[in-house]
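One chain, chain A, links the two complexes that follow: it is found with chain B in the first and with chain C in the second.
Right, the complex of A and B next:
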């Protein structure tokens, strides 16, 4: 087997993995701030897909402007969900699981009732392929991956340097101590939940032209995101990025040798192998 | 994970309440076929009884503070084991049922032992990963054995049992209902007895503070693993019944969707009491059947019901009467 083929497979795996990292980062951010696992996270991704469908495919607005709008709109939806529901569930993992499940059903049913059950195709915003060093990659995939990387970098800069970002990290470390230092926990929770959902919305917007838009589209990325955060360690942002790269490379290489169904098993096997060595994931704390 | 609750009935004080509960359950189970022989009602009732075995055993695991998302996988292991023992090995259902349950329990040792090294959300996600591996395994590997995506077909109904010179058959809906009812009543008696034993007390202590229990000399891991294995044994029994009453197995029968329903039943009912899953399973199944009339709006309404119930009754439905009584006494708000 030529080395080109291997690199090509890795590249294919990484491309989509970067978008799943976005979904995983949102999930892990929400977990670190509210200590809950939001099972309806994929439905915010779906919302981003539909915003993209209507604004970009139907009204013909510029793709990047659409993406920004999707991120804002879904982020706002996340803030609303946090204020109405999730703020009462801080730290109650079991109850939050049931509630987010209820929200998942509500959002999926609403999407079916208002948008229909059929797939809606979103045209590609970019066409053509790029050839370099014997590798082939479509411009669309390249734009999708690069946009995801830009969003990941933006999140990093926000959390690292901005005041609200620092407040978020403080709450993630110790909510009580942060409150004693004057951090507004309610504000940070709403903002954190909103940003987490906005990332999922952005991912939905990025993948809308790659896959079609449908009410159940959130299931696949959310399972990938779960695999990524279990590998990387819950609540760890670098863990999510490393977990995504690991999953992407394993799936990319695996697809050379086996069918797509077996590749899906591969991701879970990586999870179990990692957990055998590090039960809390690669970057999970005590 | 759970707010601390007082021990509702310490052993020795009164076994009256649990016995009354079991008697009530038995009375309901016996009364139903006297009220109706309609095949739709019998089907729903049989499913409720099977789900009760699953939710009551799931709650045994939750009673040590852990939500096991792979519970349904052990039902699947029991189902596939029993089906293959009968169709491939050729032994009778009555021999296959206990073997299938033991197979599920034996596999629970390594899987539980591995998963129980972590707690809380980590445990939740790890067991979820396990359940997906098991489901994908049934779906994609050894297709000529497990039937792959098209399912395992041709599983015979439970064979007839000699009973004082005549044969008890298990072919009609009523007979299958009776079989599941018998299996459930035995299971419920064991689980209720366990709840009111030293085991139940220690489990409650672990749920309220496993670190404290550990410092008092409790081997927390062993208790959690015991709950895991016993729960999986019960799930294996339910799986064997499922295999031979449905006669067809698909890997999706043991996937995320049915698992999620079990969790919904258990948590909505309340995990603080052994009767919580009973209330949750019966009420939510009936609600689900009634909502079916709404067609497209079914999952919408079901979702809203879940959200509101959890916000207003965070400790589950069985904790609600006590909460209302307290409110009447001291006048605190029920609002979340």
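Right, the complex of A and C next:
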């Protein structure tokens, strides 16, 4: 087997994995700030998909403008969900589990009622392929991966250097101590939840032309995101990125040897192997 | 400057703090001493807004802050260095200090305060780029106090600053508290299990047991009280 083929397979794997990292980072951000797992996270991804379908495929707005709008709109929906529901669940893991599962059903059923149960195809925004160094990648995949990487970098810069970003890191490490330094916990919590959902919405917008849009589309990326989070370590943002790279490379290489259904199982195999060696994941703290 | 009137805190139906009244005047150092579980920390958490009081009133600088959330209370000049240090372990010493000035917008003034704090705590200046989680217990305590000073407070609340520290370090902390009070005129409310230390620094003190104030007066008077001697100063 040639090296080119291996690199090509890795490239294919990374492409989609970067988008799943976006979903995983959103879940992780929400987990670190509110100490809860949002099981309805995939439904915010689905919302991003439908926004893209209507704005881009139906109304024909520019793809990147649509993407920006999907991010904003789903982020706003996240803020509303936090103010109405999730702010009462801070630190209440079990309650949040039940409530977010309920929200998942409500959002999926509402999507079925409003948009129908059938898949809605979103046309590719970009056509053609790029060839370089003996590798081939479709322009669409390239745009999807690069956009995901830009969003990941933006999140990093925001958390590292901005004032609200610092406040979020402080709340993640010790919420009471952050409040005593003058951080408005309610504000950070709404903002953090909103940004987490915005990332899911962006991911939905990026993958809408790759897969079709449907009420249940959120299941696949969320499963991938959970695999990534468990590999990387619960609550660790760098862990989510590394976990995504690992999952992407395993799936990419796996696709050389097996069909796509079997490839989907590989992720779980990696989870088992990682947990055997490091029960808290690669970057999991004490 | 600070006036707690009949303050109560309930967890469920259990009263952790039961009608406690405490005052701290401008420039004063006041201590609350008492055993573990007496409600000292709950009192402090109520007055800085971390828990809702179930009754009573908290006045600070003439404003009723009983129902305020913590971030607004800090902005009013009341800074709380909590029990157990509660630093941001993954942030560096410098980042922790900057978090202390989170509500201040005047960059020059923050830089001045930062300079003063680093001058007061040379050990922190040496370790400024180190993550707070890697500091020793004494250094962490100094960082907790330094962080609380970064907001430029009119009053400082210190919860168990001597906890878990060697006697030499306890003396150092004591000297630091005194100099902050003297040089900057910052009022201090000090909560301690180490009654000997607390009564050496404070001008006045309250003795708290099972949620109530059982005794109060000047530190000199309390040092001579038979109850305090027997229960807290080792006879």
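The rule is short, and it goes like this: the second predicted complex is superposed on the first by the 286 of 286 C-alpha atoms of A that agree within 3 Å, B and C clash if a C-alpha of one lies under 4 Å from a C-alpha of the other, contacts with A are read in each partner's own complex, and residues count from 1 in each chain.
As a convention for this text, a contact is a pair of C-beta atoms (placed from the backbone, for glycine too) under 8 Å apart; a residue touches a chain by one contact, two chains touch by 3 or more.
Quick caveat, the model's predicted, so the values are computed rather than measured.
Colleague: In the superposed arrangement, does A:104 touch chain B (first), chain C (second), both or neither?
Modeller: Only chain B; A:104 stays clear of chain C.
Colleague: For A:279, select first, second, both or neither according to whether it touches chain B, chain C, the two together, or no partner.
Modeller: Touch status of A:279: first partner only.
Colleague: Touch test for A:181: chain B only (first), chain C only (second), both, or neither?
Modeller: The answer is second: A:181 touches chain C but not chain B.
Colleague: Between chain B (first) and chain C (second), which, if any, makes contact with A:128: first, second, both or neither?
Modeller: Neither partner.
Colleague: Just checking: does A:112 make contact with chain B only, chain C only, both, or neither of them? Give me first, second, both or neither.
Modeller: first
Colleague: Contact-wise, after the overlay, does A:60 reach chain B, chain C, both or neither (first, second, both, neither)?
Modeller: neither
Colleague: After superposition on the shared chain, which partner residues are touched by A:167: those of chain B (first), chain C (second), both, or neither?
Modeller: Second partner only, chain C.
Colleague: More residues of chain A are touched by which chain, chain B or chain C?
Modeller: In the superposed model, B touches more residues of chain A.
Colleague: Using the touch rule from the top, collect the residues of chain A that touch chain C in their complex.
Modeller: Against chain C, chain A makes touches at 163, 166-167, 169-170, 173-174, 176-186.
Colleague: Quick check on the complex: what are the chain B residues that touch chain A?
Modeller: 1-2, 62, 67, 114, 117-118, 120-122, 124-126, 128-130, 132-133, 136-137, 139-140, 260, 263-264, 267-268, 271, 296-300, 302-307, 310-311, 314, 336
Colleague: Considering only the defined contacts, which chain C positions touch chain A in the complex?
Modeller: Listed in rising order, the residues are 48-50, 69-71, 74-75, 79-80, 82, 86-91, 95, 98-100, 102-103, 147, 151.
Colleague: Provide the residue numbers of chain A that touch chain B in the complex, in ascending order.
Modeller: Touching chain B: residues 31, 35, 37, 85, 88-89, 92-95, 97-99, 101-106, 108-110, 112-113, 223, 226-227, 229-230, 234, 261-262, 264-265, 268-269, 271-272, 275-276, 279-281, 284 of chain A.
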